[in-house]
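Per-chain residue numbering starts at 1, and chain names A, B, C, D and E are given in the order in which the chains are listed.
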Amino acid sequence: MTSAHAAAVKAALPAIEISGLNKWYGNLQVLHDVNLSVAQGERMVICGPSGSGKSTLIRTVNALEGFQDGEIKVAGIRLTRDQAVVEEIRRRVGMVFQQFNLFPHLTVLENCALPLRLVRGLSPAEARARAMHYLSKVRIPEQATKYPAQLSGGQQQRVAIARAVAMQPEVMLFDEPTSALDPEMVKEVLDVMVALADEGMTMAVVTHEMGFARQVADRVIFMDAGRIIEQGPPSTFFSAPKSDRTRAFLQQVLH
Amino acid sequence: MTSAHAAAVKAALPAIEISGLNKWYGNLQVLHDVNLSVAQGERMVICGPSGSGKSTLIRTVNALEGFQDGEIKVAGIRLTRDQAVVEEIRRRVGMVFQQFNLFPHLTVLENCALPLRLVRGLSPAEARARAMHYLSKVRIPEQATKYPAQLSGGQQQRVAIARAVAMQPEVMLFDEPTSALDPEMVKEVLDVMVALADEGMTMAVVTHEMGFARQVADRVIFMDAGRIIEQGPPSTFFSAPKSDRTRAFLQQVLH
Amino acid sequence: ETLDRVNSTKVLKVATNAGWPPQSFLDDSNQLVGFDIDVANEIAKRLGATAEFDTPEWGVMTGGRWGGRWDVAVGSITPTKPRSEVLDFAGIYYYTPYVFAVHKDSTLTDPKELNGKRIGVETATTSEEYVNRSLVIDAPGVPPVEYWLEPGEVKTYADSMLPFDDLRLGDGVRVDAVISGEQTVLGAINNGYPIKILSGEYAFQEPLAIVADKGDAEWTSKLGETIAAMKADGTLSQLTTKWYGKDYSE
Amino acid sequence: MHYKDNIDYPPMLTRPVVFVPLLSAIFAGLWWFQSGDGAFGRLVRGLAPVAEGNPLNLVTAACVTALVGFNIFVVMRLPLRQQVWLVWGELAALILLFFYSFDLSFAFIQRKIGFLITQGLLTTLYISAASIAIATVLALMGAIAKLSSNGIAQGIAHFYTSLFRGLPLLMQIYMIYLGLPQLGYVVDAVPTGIAALSLCYGAYMTEIFRAGIESIPRGQWEAARALGMRPVAVMTRIILPQSMRVIIPPTGNQFISMLKDSSLVSVVGVWELMYLARTQGQTEFRHIEMMVTASLIYWLMSIVLELLQKRIETHFNKAATR
Amino acid sequence: MHYKDNIDYPPMLTRPVVFVPLLSAIFAGLWWFQSGDGAFGRLVRGLAPVAEGNPLNLVTAACVTALVGFNIFVVMRLPLRQQVWLVWGELAALILLFFYSFDLSFAFIQRKIGFLITQGLLTTLYISAASIAIATVLALMGAIAKLSSNGIAQGIAHFYTSLFRGLPLLMQIYMIYLGLPQLGYVVDAVPTGIAALSLCYGAYMTEIFRAGIESIPRGQWEAARALGMRPVAVMTRIILPQSMRVIIPPTGNQFISMLKDSSLVSVVGVWELMYLARTQGQTEFRHIEMMVTASLIYWLMSIVLELLQKRIETHFNKAATR
């Protein structure tokens, strides 16, 4: 982390601010009093065991999940159940889903270009051009005319990333964006993400790629059973974890 | 690899034998003259970049994909398009899918117990007991009564593994079985797989977990663009890759 | 009111049927023709108007509450007591004799032998009421119906052709005899149905009336006068002879 | 809302942009169509005598509009479920009032309704139930044949759906009732009706079942087959249960519409509900009474089927996909 | 096979376990039902005169069974598509033969068919097409209302589907044609027919559309909304196009069945196809001729609709999920 970057991070309003967030599914509490503030341009990594509430947490940020208690602000806008607010936040926040959620009836290119036309108001030609640009960035321009069902798992995941990133949102939420990728491709996709980060995009990334966390993140969050157990810059997080739970988790990471 | 184990591997008939396999999707050739033999009890890892044909290859083994040219034998039985043959092979070969393919209308427990009853002829009580045993092994006994849609991504993946493994097939095909798991859980699931391997089960694992490949595999296969580029025991594969392509791939792996 | 409207628009709106030769049907050039059509045209002429025809379903036509869609129904409607509660009968304009039809191969010769046999009738017609002994004709000067038939079984059809089709299958296959209007049976015979009329007495004589919607006494009586005039000067007798080959106007 | 969005959409009808134009439209419509001369007008005149002519139209339109507005205002204050039921009930009351306005003879209905139910309703139910059962079996066979790799089975199934969807049901009844005797086989009326209804609805339902089965993603079949399950088991345990969500609503349609199409068998002399209603009505020229009565009976039956459908749907929806 | 399994199932009918019992069953059935007395028997007697009585039954049964067996044998040798078409064609020929056996007067048909088509078919097509268009719009509105979070819209939609699916179509026609005049509004016959058909079919199709929309996994809605698309755009660009695969087959059913239900408007005096066929037939006691002619016309129309349905299905299936 360069110090200029760090300064920029500090300066502005937080991009995401979560305070006192609690969420239940029926009787099961999946988020326990979560407090979190992500600065503009910050690159935050969320890790933690399976089922600890990572997906749920980032899905609450753009109102894909409701919550029972607490407050969320995105770029200073308080998230309510008001339509205008939700639409505004969703225009500013992009998301890559754990299950990809590609549109099966549209080709890869249309998957990326349609939202650009409908939401960003691009002309069809502009939209196609920008879509192709991002498909090239994730190395699948040659798959543009295929349907999602004809792609391999990793190719689908890259389409999902290109589709979300092409919208050029202020904040990007990534839910395990490299799970289906081979190490080589992981590297390339992470490079794309770093490039975005360098353009000042705020990023919250759920990932198990500790390498990425270590090299790129401004901050690492560790969740377990719906709670944020520990957070800190990667340097201290990896070398000197405070809690036993974090230590146990990090020890299991295979090399 | 213990030498006793190595001896056992050598002794018997190959569990899978693939020769001269070619497969096209329309004009696109996705498998190029693949030759491969997997010994009984062998643990084989397949890696390679996204879209290189790994999923396609293992899906041809239990006839989920057809092929245009070549020969596949499983436990000495030549795979034809004859019903009896395909049924026999599918009874011997288990599979974990990259997309999980859980049955959404059945609970987690029923997902695992139903095939045990229908295919292995277990009584309902036996089937439930065995299903619970394997669900405990993958650490989600408490999710048994939920439906797949109510699980996190990693939990779903573990159900898929438990469901396949509970059938106790002779050969298991894993298609990226740990992609949705956190490092801690990866370790546990791999431990389960190692335990299976120690019971003599033959395994072909598509994975990007180089750690697993290094520690557990008897052999590593590297595929690119539908061809097997290189193969060998992990010791030589990782330390002295022969081809440039493999070297390039291995260099990108982040640590 | 209706009279005023007919006088002012010079149009008489007539409800009738389209599938009942020889009363009203489509000829080969697909025009409505028939006895009822001629009668309606004649009435219109005498009222100084032209007739316009519409062909609603029987139930709609005879259910009353026309909502001003039609001025008169010339559709060979039998005046019965319950019907008179929803419609006004302007006058009888002819009579139809009902007969028994049997298969050509039938050994029966006398209607009386039909006791205990299976009789087919069309639903909701006077023939059905006749076999059920519930036919009460509400018209002056018509002799009361005599009931002597004791059918073994009555088969009802919601279609006027099906009784004949069942009879055609053979003597006693599904029915032994069918009760229907003489003209209908003759029509079937002319079109090659292997059936015959049992000679002897008619089952009953059915009077047929011209009908108006309930509630406009002036209009009904005007219609009644017109029919009476047509009967008196022989127009009706001439028209029945033209279409039926017999004088059915008495 | 099926797709919950974590948005509380402001109730549409309380936004002035919606309700001002809505009420204006109602008002204008009523005025334009001279509601003063119709039933509403008569009602208003009954309540408060006004002069004839245009003012009556105006007053009527204003009254009705005000009533609608007030009603919306009241309903919006209730919780969702109660809103739905209240609106349902209000509309049902309006329809019953509409029927009532026909000036029906209830004495006549009372006299006949017993027979309508004991003879007519029972026959209708009996024929429909038998046909539904047979049609479902035919449809399942047809759908599987259409999706099979057997050319003869496919050919027969395609021909079956084409012919029996294509021919009018009445013609099918005639074919069996009048046509088979030509070939030497005489069939009775009730079996004729059941056969024709089953064949016809089986053909329609074949298409519904086929679409339902095809709607399940291929991965489900692959997973079950890879586990070693036999094709029949995969179909009955994995594919069909999932496709039920898609199959049930159009099948409910077919069942409801079969109730009423069963009345066509009356042409061959079966005394079912509609037939009795028509004949009883015609003989005494009270067919509006009988039509209304029969219709209400049909409506009741379909409400029962609807509720049943809802329960079954809920059952199959319990694990709705995320 | 929809779910390709990479198995070449041995053609069922060539396995002795299947074809021996099948042919035996056909033989026994024919014998049992005394086929000698029927049409087949007459045919056989025509070809080769045999003594009366039992032997005739036996010979007939044997001949027909042999014919069926030979036919299967021949068909099995063809490629799949040709199998399907050949079987289809054979069955169609059999049905036409069956109609032919009614001893129809073709002169009469020839005389009347022109008018059936120019007047009847055109009216039927016109009424059906108008009703289909309106019903589709109603159904879309109904489905969205049912899935909305607005209690009043839900209540109205539920009532709408309940009432118009529940009441017999005939009653709906009466309500509009005879009932509305009671309220002071007289409606003509053709508008009555179109209104009743649209309302009734709109109600059925509401359920079909609802089920189709509900069948799309929630993730699709979430993804589109998270990308910032507006609800209307999500519906029209993402959800509806995907649900078409599920919606089209039952909707095709409805269109085909509307063709024939449109004949009910003849009760208010509209001269459509079925009405003309019936009345023309009655006039000269040639109603079997007219029924057969009208049926074949209906069949042709539904074959056209079927082919259309197939094309649209293929279009929406091109990206079928893996």
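Following the convention adopted for this analysis, contacts are C-beta pairs under 8 Å (C-beta built on N, C-alpha and C of every residue); 3 or more make two chains touch, one makes a residue touch a chain.
Please read these numbers as outputs of a predicted model, since none were measured by experiment.
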item	value
Mutual neighbours - chains that touch chain C and chain E alike	D
Between chain C and chain D, the fewest steps along chains that touch one another	1
Most remote chain, CA-based centroid, reference being chain E	A
Interface with more contacting C-beta pairs, comparing A-E to A-D	A-E
Centroid-based (C-alpha) most distant chain relative to chain B	C
Length of the line joining the C-alpha centres of chain D and chain E, rounded to whole Å	18
Centroid spacing, where centroids are CA-atom means, of chain B and chain E in whole angstrom	47
Rounded Å distance between chain B and chain D, as computed from the means of their C-alpha atoms	50
Whole-Å gap separating chain A and chain C, where each centre is the average of the chain's CA atoms	83
Residues of chain A whose C-beta touches two or more other chains	64, 99, 150
Chain C, residues touching no fewer than two other chains	59, 63, 65, 165
Touching two or more other chains - residue numbers and ranges from chain D	5, 9, 178, 219, 222, 225, 288, 320-322
Pairwise chain contacts under the document criterion	A-B, A-D, A-E, B-D, B-E, C-D, C-E, D-E
List of chain E residues in touch with chain A within their complex	219-220, 222-230, 233, 237-238, 241-242, 316, 318-322
Chain D contact footprint on chain E (complex, rising order)	1-3, 5, 9, 11-13, 33-35, 37-41, 72, 75-76, 78, 80-88, 91-92, 95, 98, 101-102, 147-156, 158-159, 161-163, 165-171, 174-175, 178-179, 182-185, 204, 207-208, 210-215, 217-219, 221-222, 225, 231, 245-246, 248-250, 252-254, 256-257, 260, 263, 274, 288, 291-292, 294-295, 298-303, 306, 320-322
List of chain B residues in touch with chain E within their complex	63-66, 81-83, 86
Chain E residues touching chain B - in the complex, by the definition given at the top	4-10
Touch list for chain B against partner chain D, complex	62, 64, 87, 90-91, 93-95, 97, 99, 101-107, 114-115, 118-119, 147-150, 163-164, 167
